[in-house]
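First chain A sits with chain B, and in the next complex the same chain sits with chain C.
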Partner chain A sequence: MTVGPMLDEWYPVGIFGQLDEAGRKTMLMDEPIVVARDGNGDAKVTDSSGRILPVRVRYGHVWTSLGEPKKELFAIPEADQPGRRFVDVGVVRVRCSPLRAVENFLDIAHFPFVHTDILGAEPHTEVQAYKVEIREDVDEVWATQVQFYQPQAAKSASGGITTQYMYRVAGPTSTVLYKTCPPRPSEWDVITLFVQPLAEDLCDVWPWMALFDDDTPMTDLIHFQQTIFLQDRSILENQVPRLLPLDPGMEMPTRADLTSVAYRRWLKRHNYTYGAQLVAQ
Partner chain B sequence: MAGEAQHLLQERMTILGELDAESFVPWIRRHAAKLGVSQVITHSGPDRIEVDLSGAPELIDMMEVGCLLGPINVWVETIDRRPVGNAGG
Partner chain C sequence: MPSGTASSWVPVALSSDLPSGTVMPARIPAGPLALWRSQSGHVAASADRCPHRGMSLSHGFVRGETLSCIYHGWSYGQAGNCLRIPAHPGLTPPEAIRTVTHPVAEADGVIWIAVGEPAGTPPALAGLVPLRSLAAFAGIAAIEAAAGTRANAAGLLEAEDIRLLLSSAREGETLIHVLVEADASPAARIAAARAAEGLRRKAEDFQKKGAAR
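Let's turn to the complex of A and B:
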């Protein structure tokens, strides 16, 4: 398997605040790397041959690339907005394709069945029509006008509400969710899923949040998001095929899956196939 | 089940893009068969395929969603749908 054009993209490889000079040994698309803090306190990433890789520190995380990124790391303007709390949720290792992890994050229909009584509940299972597009100007996938009834939409929610969502795929393994902010309805809470592809069928998932919530203790915010993702992990690790199919021949996607289909179309257009299955089997 | 039959649709689906009709047309036929949608290919070319479909509205929706992605060697730019008759009613 060749990595192809995904080589030149940015990937998260650790939480900046947790780095030390000894470094963290990890993998990026089958390549061993070391993520460390240098003598000046800056992040440094090296591959197995000692080559120094490009580095960015943004959204609480260290980002790198095995290739030569043609674009700067995507922007999240809310990361600079005063009054938000920024939450480094930590890491969850998942034995699945990194593309599967992103696709699962984009899927609304599973909420009542996997995150029962938190992000969804029966009989509120219907996904209302929403809008999906590949935005050519920014080369990103966006789903807007998404709404879903949620019993406990966020740690700060005090009961069931119909939650508004926008989904954004900003990189092949980076996705951003904008969601109704219960204590401040004019703003969006930002919840991201940054996925580090370790191998085609193994990834580290680094959720990060930028919230308006002055009351909930940090440990509770982290625990809430980890609970959600650990519920997803058991589903993700049992999906067949393990890689993400780019040919829906063995599946029957519905209108509710349009975000997933747009994501797969976008991957296909860019030849982003690391972690993908090209032909239905 | 006359009530169900009234909900069948007949639509012409026009698929535009970079289409490898030789592989895409059999793929469309297989996908329609899996969904239980009747299909007749009325035009196939490298940049346009037209197919007349008959089936339940939800299944024709699923046909459109599946074709939007299609097989790996095909790039579907747009899909247009319009009624061509009034099946079952």
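Let's turn to the complex of A and C:
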């Protein structure tokens, strides 16, 4: 199996603040790697042959690539904005395609059924029309004007609100969402899902947040996000096939799925097929 | 044999294990099923996959006379047609959105699935009633070897102290339904359950050693 163009992309491989000199043994696209802190305190990633891989430290995480990245790691300007709290949520291992993990993150229609009474609740199930585009200048998938009624949109929310969302696919397994910030209506809270592809059907998911919330204890912020993601895992590990089908026919989208449709189209266009199934089986 | 490719009725579950308003996973050699009983008591069997995003329907929920997927709440009728897409409450789902369904029959406390087009009704159990089911990591041949006798064409295996109804789940896996006389005493029921557990251990041992190919 060849990885194809996804080889040259950046992937998260650990939380920088948790590295030590002994290093963390992990996998990236079937390749064993070690992520460590060197004598100078910098992150260092090596593959099984001892080759030193490119490294970036951004958004609380260490990023690397098995190939030769043609683009710099995507920017999240909010990561430099004063007053935000940055939350390294940790890792959740999921027995699913890394692409399915991203697609689930882009989906709002499941909120009332999977995140019941937190991110959604019946009878508020309708997904209103929203806008989706592939922005050619930055080569990213964007969904805007997304809104949904939520009983408890964030740890800082009290009572139900209609939450506004924007979704952004910044890399094949990296996605960022911007959502209504309950204590500061003029700003967006930033919640990301950085997915480390361990194999085509196995991934480590690293959520990260940049929030305006000075009150909620860090532990509670982490627990809230972990609760949400563990609910998602119960879905992701029970989808058939495990790989994401890129050809039509195998799965049936509706209007609510336009973000997922654009994401699949964008993956196919770039030949980003690690974790994908191309032929309907 | 009920496990072959020819048409047959496959005993996939006991009625008592599927109360009204619930769904459970089941398996026939052709693949996994979502087996569910509506509020009014009607049993239906669907392929265990929602055509929207591939989620397993046996993880779903039953409301009234419909089975819903736990992922996005798409609901299906007994004939497999999609009835409702909650993200678009005003939309009548197109006919093309449906799951594959299988004919079901329920008799003598056993739920049977038609594989292919079997003639007639499921085999009668002649005064026997189901007690419980056990999953075995053993093929039917290994179970027959452990019991020292063969199952009949309906999948019924009768030995000295035990009567079993066998359902092939997949290669090397069998669902065993333990049967007893309708008027069996509590002690006889416990003895039958213990005997079946003993037989399962022996059959799984045979399977591991490959002695019953």
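Keep in mind that, in the parts below, the second predicted complex is superposed on the first by the 281 of 281 C-alpha atoms of A that agree within 3 Å, B and C clash if a C-alpha of one lies under 4 Å from a C-alpha of the other, contacts with A are read in each partner's own complex, and residues count from 1 in each chain.
Here is the rule we use: a residue touches a chain if its C-beta (ideal position, glycine included) is under 8 Å from a C-beta of that chain, and two chains touch if they have at least 3 such contacts.
Note that this is a predicted model, so its numbers are computed, not measured.
Of the two partner chains, neither chain B nor chain C is touched by A:A143.
Touch criterion met: A:V240 reaches chain C, while chain B stays clear of it.
When the two structures are aligned on the shared chain, A:A101 is found in touch with neither chain B nor chain C. Legend: residue contacts after superposition of the two complexes on their common chain; A:G249 is shown touching chain B, with no touch to chain C.
Judged by the touch definition given at the top, the superposed model places A:R269 against chain B, while chain C stays out of reach. With both structures placed on the common chain, the touch criterion links A:I228 to neither chain B nor chain C. When the shared chain is aligned, chain B comes close enough to touch A:V261, but chain C does not.
When the two complexes are overlaid on their common chain A, residue A:L177 makes contact with neither chain B nor chain C. On chain A, the surface patch touched by chain B in one complex and by chain C in the other comprises residues 251-255. Touching chain A in their complex are the following residues of chain B: 27, 30-31, 34-35, 58, 61-62, 65-66, 68-72, 75-76.
Contact residues on chain A toward chain B in their complex (touch as defined above): 246-249, 251-255, 257-258, 261, 264-265, 268-269, 278-280. Chain C makes touch with chain A in their complex at residues 48-49, 51-56, 59, 69-73, 85-89, 91, 96-97. Those residues of chain A lying in contact with chain C across their complex are 109-110, 112-114, 122, 125-127, 234-235, 238-241, 245, 250-256.
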